[in-house]
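Chain nomenclature is as follows: A, B, C, D and E, assigned in order of appearance, with residue numbering initiated at 1 for each chain independently.
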Amino acid sequence: MSLTFRAAVKDRDLDVSLEVPHGRTLGLIGANGSGKSSVLAVLAGLVRADSGTAVLDGEELFSARVWVPPHRRRIGLLAQDSLLFPRMSVVDNVAFGPRSQGLSRPAARAVAQHWLIEVDAADLADRKPSELSGGQQQRVALARALATQPHLLLLDEPLSATDVGMAAMMRQTLRRVLAGRTAVIVTHHVLDAVLLCDRVAVLEAGRVVETGRTEEVFRRPRSDFAASISGLNMVRGVATGPDSLVATDGTVIHGEPDMALTPGDPALAVFRPEAVSVHRSAPGGSPRNQFLGPVTSIEPQAHLVRIQVGDLGADITADSVARLAIDVGESVVLVIKAAEVSLYHG
Amino acid sequence: MSLTFRAAVKDRDLDVSLEVPHGRTLGLIGANGSGKSSVLAVLAGLVRADSGTAVLDGEELFSARVWVPPHRRRIGLLAQDSLLFPRMSVVDNVAFGPRSQGLSRPAARAVAQHWLIEVDAADLADRKPSELSGGQQQRVALARALATQPHLLLLDEPLSATDVGMAAMMRQTLRRVLAGRTAVIVTHHVLDAVLLCDRVAVLEAGRVVETGRTEEVFRRPRSDFAASISGLNMVRGVATGPDSLVATDGTVIHGEPDMALTPGDPALAVFRPEAVSVHRSAPGGSPRNQFLGPVTSIEPQAHLVRIQVGDLGADITADSVARLAIDVGESVVLVIKAAEVSLYHG
Amino acid sequence: SNRPGESTTITVFAAASLQATFTRLGAQFETANPGTTVMFNFGGSSDLVAQLQDGASADVFAAADTVTMDKAVAAGLLSARPAVFATNSMEIAVPPGNPAGVTSFVSLADPGIAVVVCAPQVPCGAATRTVEQNVGVALMPVSEENSVTDVLGKVISGEADAGVVYVSDVISAGDAVDGVPIPTADNATNDYPIGVLKGSTSADDAGEFQAYVLGPEGQQVLAEGGFGTPS
Amino acid sequence: MNRTPRLDVPSWIFVPAAAGSLFIVLPLLAMLTRVDWADLPALITSPGARTALLLSLKTSTIATLLCLVFGVPMAIILGRSTFRGQDVMRSVVLLPLVLPPVVAGIALLYTFGRRGLLGGSLEAFGIQIAFSTTAVIMAQTFVAMPFLVVSLEGALRSSGQRYEEVAATLGARPTTVLRRVTLPMVLPAVASGAVLSFARALGEFGATITFAGSLQGTTRTLPLEIYLQREVDPDSAIALSMVLVVVAALVISLARRTARPA
Amino acid sequence: MNRTPRLDVPSWIFVPAAAGSLFIVLPLLAMLTRVDWADLPALITSPGARTALLLSLKTSTIATLLCLVFGVPMAIILGRSTFRGQDVMRSVVLLPLVLPPVVAGIALLYTFGRRGLLGGSLEAFGIQIAFSTTAVIMAQTFVAMPFLVVSLEGALRSSGQRYEEVAATLGARPTTVLRRVTLPMVLPAVASGAVLSFARALGEFGATITFAGSLQGTTRTLPLEIYLQREVDPDSAIALSMVLVVVAALVISLARRTARPA
């Protein structure tokens, strides 16, 4: 009882296989255009794969010989645009799925009311979609998708238009709803993935480049995208000892290996920008990792300032920036304690 | 040379006044349905205000007697949905504005190409909008809005569908584009506001509840929404001394005032969740702020774990959570050093 | 012939040009024969034949020319030989006051006069051709209409200066047109035959109607309508 | 005044639109000036006119319903599915549009008449269609149907299919999608199509007189009555036409008003 | 096969659609069985038929263009703006639909005829419309225009206005919005409307014969020729009708094909 999926769509350069165990939630992350929505569209039956097959709860959804039309797949899809039916009220939009499944009109409305309460939109029930704000529309669309109680739930960036406070609430709701339900969620937010997904798959250019348990992927990313979405600096290289690697540009990095590395093996070093300190010249002292380079940008973040040196970022306080008196283009030295660097097999 | 705006729209319960000095960018933040998009729609001429007036660069856009139709306002609007013209290619979509301003077809295409390069979508030029991913559509729509070189630029959540890496790039692009241009940007992201906006205005239920310089608003929020979007804990109260206030529930909070408070005046206390430590029982020691209450939720964040006690949040490491062995519903004591609490007149 | 309380309906298929006179005749006949209703189906004679062939049920058929009636006879639609009950001949119709000053058939050949006629394919056109040949002129009409009604319409509206139509049409148009007669020697005449149909469900009443049309009352109404008496 | 303001349409567009409207209005006005208002009441209430008007309304309404019952499915199949022979079907549907109505009547006779393709089989069942009120309705349906199909198909093609996809992912069967998404979306076009069909049926003359004949109370609809009247008195024919026009305008605006809340 | 798959239409819908198609196809087939194929070539190439066909094509094409020039603006004003008297205008536009064509011809005579409303003024300018090809075109335009207006207005109402708003915020004047957004969006409906108008104009008989008369080469269009022919030989009239139908189908499918890439 689970989902297995493999599909290739030539003209979108997509070739993906995925598995979602029964009752689990898979996060799908990746850059714009990497194929996330396409995967959902193939699953929902809105795009035909050139080859491949999908099996949900033992039943083939599509394959070379089989084609189950969308309305018989029992798959709920929340697409990237809300696409609420413009001529129906909010409650009728949400009641549409239950009605289609044969519920009576009052029963379907009751179900709809329930889901509208879940997404905190009960007071919008009688409005027309054109009278809703963007975030309200998204919540109603979410309620509509949830109300069908599908065997497989597909959510494409369900919270992208939702404000911060409401998003926190919605994540709670989704956690409840997703418990025991097989689901695939596309998101650009680490927090969504961490809170909602058992595993994540990272897409790059239509291919799965990394999958794993959610925390694992974000703490020990293997793909550039996973590192960047986690806000981590990542350096690829080759292990030179049990606790060091040499990057492609020759820099040697020392750190704390999860397991002793085997010299010669590919290895990854990962560290948080907050752990990086910035100096005008190399500080003296014991074994430390140092990177030298010109500052490419200086950006205020919420509370700190991000100093970017090539691919690497350092977050320091505004005070430090003032004290260092650095400017874009000037050379600086980035220093990271070995204890702050995670090393693992790549 | 600037924008002054005051408008009321009855059936959306909106009553807002704003000012944007020439060449400056105003951030508009607020919860879903607080009226952000409505303000932009009134400015762009897509919704009529029941009363009010707007003056851009000395010219009245609307008032009781004046009504400049949308196409003569020289206002560029990037709406919340991309709404690319479905029957035109991407480049023709972007060239639409310049063409409408009278440029020749090749000249307009050249302008379009320029903006497509700016949003890193040059390779999509010949596609139809239906062949784009969600994030790609949003970037193209952004290019289309920018290509008109409007006197006033209105961007409604310009980066909501954009992936993390691309968003960083787009923020750079927007910074360049917005320099010297009068603009209003709606966003749910602190980073967008911090990087792009000189000032922000916070909307709640169709009213402006706070405006100020961007850093000021996020560091010293006065509205609940500004505090929550900045990820800060905020407590309202009445000053009891130069460096203390009493909250409505009677708790006394000590902190570092920006300026000595006048007892009896309303005051606000603000502190970061990372600065809060969690104890099973009240620790001894010198003057500290303490809050007692049951844990309402425990949520993993990207790197830390958020312990929520009522309105207040504490971010602690997963290790600490394990060591404390706390669970939802159990009473804990939140402790914050006075040095970590900012106090200011509310 | 009806016993009191009994009612019959007879259906008469008649050429469109008979509408005015037959409607009057029908009403008179109904008064003379209480309990009998006369229903009419007016149309182009050839259309009516086609309808009869295709199964339309009727009791009496009155056509505007013998060619069409011959077709009906050939198709075996009639129960007896039809009889000619009226004749019609041609006349020039001009707008009231005769603005173009039409005096004779020959003057219609003046290129300054806009004249409309029936197309030679239809009976009134064929008759017009005959008149042309008799008079010895060739008209250059601005329009060759499909029916005499269309010709009359052009004249009534003043669009045409003159039109060649049946005498009965000039009469029935009343004040709307003036007539310029064509001498009998030059004129063309066509015969209107009437007959009882084989499929008739009330052949007696149908026969009575036919007799009524051929009888003095009928002939008087027809004469008032501008029709000639068959020789 | 806080609804989304309608965007301006270009002002020059009022020039051709006014010219077009004038071109339509002037002849109607010219007709009005010729109507003999004193005679009108008698004319309208004459048994012939009344019977014809009622018959016209009855047959046109039924014909419009038949057009909807058969035409909407045809439009949907043409506009929303792909199958071999679709182009052929599309062309075939158009044909009655160009057929001169009298020829259409002949074609119907050739099919349903006594001597027609199906006439024999129908007669065997005791069904006589030609020259009955049924024949009037069939003639009207035949000439009016393409108007519904063609205009509705155009609207279906103009409207995208994204909402229908959403409905399918919500588990709606094709029938449900059709009933609750597709049709509501193109409702204005269905209404326009029905109006066109009704108007065409109401004004139908040539096919009716050929296929159904012109018998008072059974097959003589108002246009046939008008045609007959014209032989006798052109001006009263025009007056009767005005009745037809007014009745049509009333029926249509009534139908529009009741359809709007749906 | 990786395009978005068309959603299934409900399968029961094929039943009424097939019934409707049969109802249209059967009479056409019945006609075909009566055509005397041996005589056909001679008939078609007869000067009368050839001239009439060419005249029909010419006048119908011009009439369709006029319908587009005047009808599209009218539809846009009805479907995209609000003004007082809009409902009146909508009803007026419908009227020629229900007017029996012959009466429409009379109305045109009353307006543009020699003794009509404008006849005097026109004659003063030396314009003589009566019995000219111009009159044919005017009659066809008058009866065909409502088809374009009504079907296009339906489509405009079915389609939303959001893209037009976007265009306005990009600085597009109403004219530009119309040309580059509105019209491309409803292009299929414009095409359908044009097809309906063309077909109506091509089949037009009553108004033409009443207003323009019937003279070979000048005003006798193919339908008029067919009616005349019918007096002589009904079967050859049917054969000529088939020609009309085939030509119409060709012209329409040609127009469709060229319009598609736009």
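Keep this in mind: contacts are C-beta pairs under 8 Å (C-beta built on N, C-alpha and C of every residue); 3 or more make two chains touch, one makes a residue touch a chain.
All of these numbers come straight from a predicted model, not from anything done at the bench.
Considering the contact criterion stated above, the chains in touch with chain C and with chain E alike are D. Shared contacts of chain B and chain E, meaning chains that touch the two of them, come down to A, D. Summed over C-beta pairs in contact, the chain pair with the top total is D-E. Computed from the mean C-alpha positions, the centre of chain B lies at a distance of 56 Å from the centre of chain D. Per-chain CA centroids place chain C at a distance of 34 Å from chain D. Centre-to-centre spacing of chain B and chain C amounts to 89 Å, using the average Cα coordinate of each chain. In chain C, the residues that touch at least two other chains are 50, 153. Taken residue by residue, chain D touches two or more other chains at 4, 7-8, 116, 165, 168, 173-174, 177, 185, 230, 234, whereas all remaining positions touch fewer.
Of all residues in chain A, those that touch two or more other chains are 45-46, 69-70, 86.
Chain pairs that touch, as defined above: A-B, A-D, A-E, B-D, B-E, C-D, C-E, D-E.
Listing the residues of chain B that touch chain D in their complex gives 9-12, 45-50, 69-70, 86. In the complex of the two chains, the chain C residues touching chain E come out as 44, 46, 50, 114, 116, 119, 121-122, 141-146, 150, 153-154, 157-159.
Within the complex, the chain A residues that touch chain D are 44-46, 69-71, 74-77, 79, 83, 85-87, 96-97, 99-101, 144-145, 148, 150. If you check the complex, the residues on chain D that touch chain C are 109, 113-116, 119, 128, 130-131, 209-210, 213-217, 228, 230-232, 234. Listing the residues of chain E that touch chain B in their complex gives 162-163, 165-174, 176-177, 180-181, 184-185.
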